[in-house]
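Can you read through this structure? Questions will come right after.
We call the chains A, B and C, going by the order they appear; numbering starts again at 1 in every chain.
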Amino acid sequence: MTPAPTAAEPGAAPPPLLTVEGLTKHFPVRSGAFGRKAFVRAVDGIDFEVRPGETLGLVGESGCGKSTTGRLLARLLEPTGGRITFDGRDITHLGRRELRPLRQQLQIIFQDPYASLNPRHTVGKIVAMPLMVNGIDPPGGIKRRVQELLEIVGLNPEHYNRYPHEFSGGQRQRIGIARALALRPKLIVADEPVSALDVSIQAQIINLLRGLQRELGLAFVFIAHDLAVVRHFCQRVAVMYLGKIVEIGDRDDIYTRPRHPYTRALLSAVPEVNGSARERIRLVGDVPTPLNPPSGCRFRTRCWKATEVCATREPPLVGDGDGTRAACHYPEQGPGQSVVDGREGAMEGRAS
Amino acid sequence: MLRFLVKKILLALTTLAAVSVLTFGLFFVVPTNPAELMCGQGKTVCSAERVAMIERRMGLDQPIHKQYVDFMRGIFVGRTIGSGETARECPAPCLGYSFRSDEPVMNIVARTLPVTLSIVSGAAVVWLVLGVSIGMISALRQGTVFDRIAVGTSLVGASMPILLFGPLLLIVLVYETGLLSYPRYTPITENPLAWASALVLPWFALGFLNSATYARLARAQMLETLSEDFVRTARAKGLPKLAVYARHALRAAITPIVTIAGLDIGIYLGGTVITETVFGFTGLGKTALNAALNLDMPIVMATVLLAAVFVVAANVVVDVLYAVIDPRVRLN
Amino acid sequence: MTVTPAEQAAEAAAVGAGGVGPERELIGRSPGRLALMRLRRDRVAIVSGAMLLVFILVAVCAPLIERLYGVGPLDRFPDRLDANGFPLGYAGVDADHWLGIQPGIGRDIFIQIVYGLRTSLMIAFTGATLTLILGIVLGIVAGYLGGWVDAVITWVLDLVLAFPFYIFCFAMVPLAVHQFYGPRDQESVWFRPALLVLIFVLFNWTSTARLVRGQVLSLREREFVEAARASGAGLGHLLFRQLLPNLWAPILVTYSLNLPSLVTAEAALSFLGIGVLEPTPDLGRLISDSVLYIRDVPSFTIVGGTTLFLLVLAFNLFGDAVRDALDPKSTR
């Protein structure tokens, strides 16, 4: 494994742990028995990076490709194009054997607490699975390590011999987290880890993850559709729409000064508890099909600012120098304001 | 819908083609010398000239692939079997000539198939009517005495082999009490009444035993359908019980029953051998059995193929029926 | 097959409620153990299970029983028959011959049944086990690998289903016999049973393979399998450590369905003269022999047939109970 290129001066930012460039995944689909082959462009060229110990949130509505991205990162799917670099190595098309040592560093937590644990295995066996698969025998034995992990995630280590059906949803999610931690990974892809849980349990799990991040220095790619949760946990946020990243930047920046109209619409839908009545932007129309995404800017069919430029030229992901980048020809300026060629206030279907 | 039908038929034809090749191979290729087998019947060794004569007569001296092609061609347009002065014309659909009786197999089939058809059709009516109605009533009266008795009886019926039930019926109804006479088959064209009265025993034997399976199936299906939300909605709307059950629940519950009934009929058409043996009928199955014991290959080959055609055809019919009843199937 | 979340929660609550001391190691209740507990509570399961056990014991200890009883299956007692070949007294039943004497050939019926059970169960269990293995392997391969492998296996499955089982048996058994044994050779005692088992396996693997394939298809994309892949697990681990433990339910279901069907099929074939021959005792052949004397000694047929019936019934009842225990949602 080639060592990651280190920065020359001390105090410089550490090199990114995970770099994704132009990552693409197209699923072939056959329409009808003798139909033409079409492609679902689930992920269509995305770029981002994650630094050690950092949490990147990946948000978007259902079908935007964020789950597919998560699986691409864990190499559960084979990318159609682009490059994934993890810890200095290009892992885009590595075979299973070469991938194995790297897999120990990159783990994944799943959404469904009921489907992510093998119902026929005891909890101990489930959590020990990564160790057994990789032939690792930790000092003190596997059992001790598993009980250690159970304690770390807040479960009773005595429950080593219980079966998944004897636990609640939140507890099962903890088991999944314990399993992901078994190999001491550097980065965890969390695919909507709290979406299937009750709100009160969600908070517990998120706090657990935060604690783990602090103590173990873990990096996260946190996939979610709930912006409130993402705000609580992530330092940086990337917004996806129809297979592309439309905005990426620091959490605070994005939440206070969203540039992309889509981000704005998303944020306006988040219920705000402390009183300030925000205008709710209602997007008109349905999400276009990923089989045949709109030309140019993909969001233009639902965007209130779209012009001919948006249909002909795909906006690049660029920023105005302060770290946040957005892919829009007419990025929003300032908090909650929309000034576009005199069409101020022309937001369709504004809720009163 | 048309595309669905075409696809199913194409698939059926490929399966049948494969079956014909396999069967042909099994009977005429695998045995080292089919002519010798037929001649000696496994009991004696025939002279070489006799074997050669048989080969010529049955067309077995031709290369294998030519034999197969001839056989298939014979089915559709007829062919000439044998060569030289032993050549015989065999009009379509030609299934070969019986070695033992030198009769066109088609004639034998024409004689015996109606027997099997008679048995199966009557039994099918019995088991469908009896089984489905008992099953449905059982479901509607779940937990009552009727239900318990019905469930118990169907369990017994499903486990009872016809080996026992048939003779039992004979003992009770024919030999001990003399209520019925020992069945003797009469074709329906000759005397419908005699035909029906002869078939009563096999109809009841086969029908009653099979009805057990259908009663259990119908009951399970009906129970499941009755617990569905749409039935609850229909009742909540105030529809009378009968309307709900007959119009809504029945339709949903009936599909798997149709499927299995179709498949069963297809399989049984291929030969209800035990029933035929127990009651002394000579149907397709019994003929195949006798022919096999006599190593009369052409008859056996023809019956296997015929039975396969029935099964495959039944599959297609059932698939189409299913698609008609349940639109999800044809829209895939 | 797993228990519904609601029931799991109830069960978990029951388990968790009981306070457990910190020293004692907790043993969880696996889904398998829960099924076993349900089975133990089912009275029908216990009764039928006991019946099966008795049958199996009788079959296994047949030689011992013969020694205690004093009569062998091949021993004849012509002095117990009258001039017409019928047994003296009531069907020849007395202290020495608990179930009477066979008319004509004069053998003891009880010991025939004991050894006949042995034959039936041996063939049934061997056949069912081999079927299971073949079905599981093909089912897993087809389900997990998908693609053209799956397409080929499914097509072969449909092909096998098109073949008529009984007619194929009639055709193949005499052919195979004459292939291996000339007209003057004596057949080995193991040949027919082995041949029957082979044909059974060739036909029966389809149901197991289909069920296993379906289950594998539904499990293949489950997240716990993905988790194993994400940790670097190879195909072996995924198939045998992750998937196989979840396949026990469909495997048990088909095994429990196959056993009685094999018993019935074997008896039927022997009844028709295609199955197990003299001198090996066999229930089917016993019934077939008895039918000749059905007018005069009906008890003979009834005894043989009832044994077969009870055996199949026990299998069916126990099988039903096992299936229920594995999936309590099914409507009974």
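One rule holds for everything that comes next: a residue touches a chain if its C-beta (ideal position, glycine included) is under 8 Å from a C-beta of that chain, and two chains touch if they have at least 3 such contacts.
Owing to the predicted nature of the structure, the values given are computational and were not obtained by experimental measurement.
Student: Chains touching chain A and chain C alike, please list them.
Tutor: none
Student: Central chain, going by Cα centroids?
Tutor: Chain C is the most central one.
Student: Comparing centres built from CA atoms, which chain ends up most distant from chain A?
Tutor: B
Student: Please tell me the distance, in whole Å, between the geometric centres of chain A and chain C computed from their C-alpha atoms.
Tutor: 52
Student: Between chain A and chain B, tell me the centre distance in angstrom, where each centre is the average of that chain's C-alpha atoms.
Tutor: 59
Student: Using mean CA coordinates as chain centres, what's the gap between chain B and chain C in Å?
Tutor: 24
Student: For chain A, which residues count as touching chain C in their complex?
Tutor: 71, 74-76, 96, 99-100, 103-104, 107-108, 110-112, 114-123, 126, 129-130, 133-134, 158-163, 165-167, 176, 179, 183
Student: Which of the residues in chain C end up touching chain A in this complex?
Tutor: 2-3, 5, 8, 11-12, 15-16, 20, 22, 25-32, 222-224, 226-234, 237, 242, 245-246, 248
Student: Quick one: in the complex, what on chain B touches chain C?
Tutor: Per the touch definition, chain B meets chain C at residues 11, 15-16, 18-19, 22, 26-27, 30-32, 37, 40, 42-45, 151, 155-156, 158-161, 163-164, 167-168, 170-171, 175-176, 219-220, 223-224, 267, 270-271, 273-274, 277-278, 285, 288-289, 292-293, 295, 300-301, 303-304, 307-308, 311-312, 315.
Student: If you look only at chain C, which of its residues touch chain B in the complex?
Tutor: For chain C paired with chain B, touching residues are 155, 158-159, 161-164, 166-168, 170-175, 177-179, 181-183, 260, 264, 267-268, 271-274, 284, 287, 290-291, 294-295, 298, 301-302, 304-306, 308-309, 312-313, 315-317, 320, 330-332.
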